[in-house]
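Got a structure for you, written out below as structure tokens; questions coming shortly.
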Amino acid sequence: MEKETARIEAFSDGVFAIATTLLILEIKVPSPGTADLGRQLLRQWPSYVAYVISFAFIGIMWINHHRLFTHIKRFDHLLMVFNLLLLLGITWVPYPTAVLAQHWGYSGQKAAALLYQGTYFVIAVFFNILWRHANRAHLFGQDFDSSATERISKRYAVGLISYLICIALVWVSVPASLLGNVALAVFFAVPPKFVIGRGTGEGNG
Amino acid sequence: MEKETARIEAFSDGVFAIATTLLILEIKVPSPGTADLGRQLLRQWPSYVAYVISFAFIGIMWINHHRLFTHIKRFDHLLMVFNLLLLLGITWVPYPTAVLAQHWGYSGQKAAALLYQGTYFVIAVFFNILWRHANRAHLFGQDFDSSATERISKRYAVGLISYLICIALVWVSVPASLLGNVALAVFFAVPPKFVIGRGTGEGNG
Amino acid sequence: MEKETARIEAFSDGVFAIATTLLILEIKVPSPGTADLGRQLLRQWPSYVAYVISFAFIGIMWINHHRLFTHIKRFDHLLMVFNLLLLLGITWVPYPTAVLAQHWGYSGQKAAALLYQGTYFVIAVFFNILWRHANRAHLFGQDFDSSATERISKRYAVGLISYLICIALVWVSVPASLLGNVALAVFFAVPPKFVIGRGTGEGNG
Amino acid sequence: MEKETARIEAFSDGVFAIATTLLILEIKVPSPGTADLGRQLLRQWPSYVAYVISFAFIGIMWINHHRLFTHIKRFDHLLMVFNLLLLLGITWVPYPTAVLAQHWGYSGQKAAALLYQGTYFVIAVFFNILWRHANRAHLFGQDFDSSATERISKRYAVGLISYLICIALVWVSVPASLLGNVALAVFFAVPPKFVIGRGTGEGNG
């Protein structure tokens, strides 16, 4: 049985690995001999920022996926389908990130921010669907820590509403909306306890 | 022994992971400052649809591959070769999907649909070859569920004929043919039982 | 210990998976509305052939790598270095394959064939270095089948000389040289015995 | 517990595998019929060199990552974060390598060398952070070899200072600075003992 969730995790790891590195392909090497290279490199900063942000945020999602699957020990057909949905959302992240980075300061900034925040909201929905299904279908191990899983459920519900607020904030102020997005990334990155003890389960809610 | 099928599965997972994400590279970021970004993004819908469909259909194939390898416990040389053939077919999927998406509504629509349906037929042939070989060569575990494996065999035979019908339908009506393709994807995605019990084998036919 | 070769194999599987799929990125979707799509697709045949050949030949190398690591149970530092060398050679394959496909029938055909055959010779050298080191350093399991490993050693020595002959043949006739290349691929793909028994070791020489 | 570091390693392996092969996408196939193919291929040497160097140096980092995780048996949240930081640095390597290769002999050579050496310095910082955290948080197994881990700590501290010196050397002489970079790669590639015994721990410092 465990071998099977192992394969779901391995496939997911492959998709995460590709998604994190995709944006490096967008960063073009400046051609030599035309202008000052240092200045040319500095002018590419939106691509650099997009790369680092997309890597960091997909990395945080990987940590969350990893955390869920320390609780999920069994699988069923729907779990595989919902996991694929989630991966679909995650591989999409580099695209809106690149759109936002390149339209920063241009007229398309608001549309780009909507696409960006909408993507994160949809991913939050997919994370909730996956997690709620694992709860409903009792896919945890026998020794699962119910207080830890409940903390995850609560956190994910809060995340859902927060990303909706971020979308609404785009009409008020694009920078404020993105600040909310970064705050939410930090919220999902930081666990309540920093060290995961050897045999104590996870305790990351 | 089990370690060895594990490596075949791991390599397959890597190929599946790359195949699912390939089409995201086709989606270009619109350059800023030219026109309304929202409208530009909407005009890219064929690329979006191609990405989602290719991701979904390759995902369904991954679920099927996963299902086969819950039964297949041993391997031989031909299994590796037939698995490579199947993977070759799967990594090809993004290409006809992109061709069809970009030629939708143009004169090339019929040729694109033929290429697309032909690809799925060839993949169905490869799935049948792999599965029939595993049956013939007794590569299952000792406790394999013969009713479950027979249900898979029947389903795969039906799939083969159905994809042939889809190819023929292209000359009658391209939308009808593609509707058949989507229906077949659903047919292969949905298992008879939704929850895979802990020690009961698979039961997905 | 076994866990460690597992990681070497997992990393190799990732590199193999990427190398097999790289050439699909070279196949461009024809733009709609210009000419007959069917004809445009047919004109792309060199790219298709290059994709299938590079997939098939890297797949055969994967099978060989897999076969070596059913014997290799322990690792040392040099094994990791030699494995990296081999992977470097393998990820290079799509490039000379694409060069040969695109220059087929042009003046550059001979240079392209040299680059192509030279690549296979270098990979054969790397396979020999890896395998000879595993022999010298006694990295096999305690129950290793010495007749099977000796058969592999012989086969690899023959391969080395045969690829040298293929290089020489380029000056005589490019098609003859490539025919030799295909024959060698078949030589490395086919094992003496087709079914690998459960507990009988490999027996693939 | 071990299963969990296994997943961190699997995800890292995927990222390493992609990073090593990324630069092959930069090598373009010369179009046929224009000029002497052999000469065209030779003119691409900076791309070839960049590919081999980036593959080799990322390969050496993989060996080092592998070495660290033969000691690290447990994980905590920060280890995952620091590992992601390190992977971010590693996937970045192909970019400065390509910049340096293409600007070699041009006016931008010094800026390119700074970007290149700066990248290696940052990666050395990330390796130190990861390793020092594993030490502080006692993430090793119970039977860990403290002399081996201390040797790694010393080596990493030396590496940090050496990469700083390489950065300073750019203003004196770009070739001297790059020679230092190559020497450091060799320094991190070669272990004190070549064969890793079966049950003796690592002994690679």
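General remarks:
A, B, C and D label the chains in the order they appear, each numbered from 1.
Quick note on the criterion: a residue touches a chain if its C-beta (ideal position, glycine included) is under 8 Å from a C-beta of that chain, and two chains touch if they have at least 3 such contacts.
What you see is a predicted model; the values in this text were computed from it and never measured.
The angle needed to superpose chain B on chain C by their Cα atoms is 90 degrees, rounded to the nearest 5.
Of all residue numbers that take part in the contact between chain A and chain D, under half occur on both sides, making this a different-residue interface. With centres defined as mean CA coordinates, chain D is found 26 Å away from chain C. Chain A and chain C have Cα centroids lying 37 Å from one another. Annotation for chain A: residues touching 2 or more other chains are 10, 14, 17-18, 25.
Of all residues in chain B, those touching chain A in their complex are 2, 6, 9-10, 13-14, 16-18, 20-21, 24-25, 27, 29-33, 36-38, 40-41, 51-52, 55-56, 59, 62-63, 66, 69-70, 189-191, 193-196, 198-199, 204. Listed in rising order, the residues of chain C touching chain D in the complex are 1, 3-4, 7-8, 10-11, 14-15, 17-19, 22, 25-26, 74-78, 80-81, 84, 87-88, 91-92, 94-95, 98-99, 102-103, 106-108, 111-112, 115, 137.
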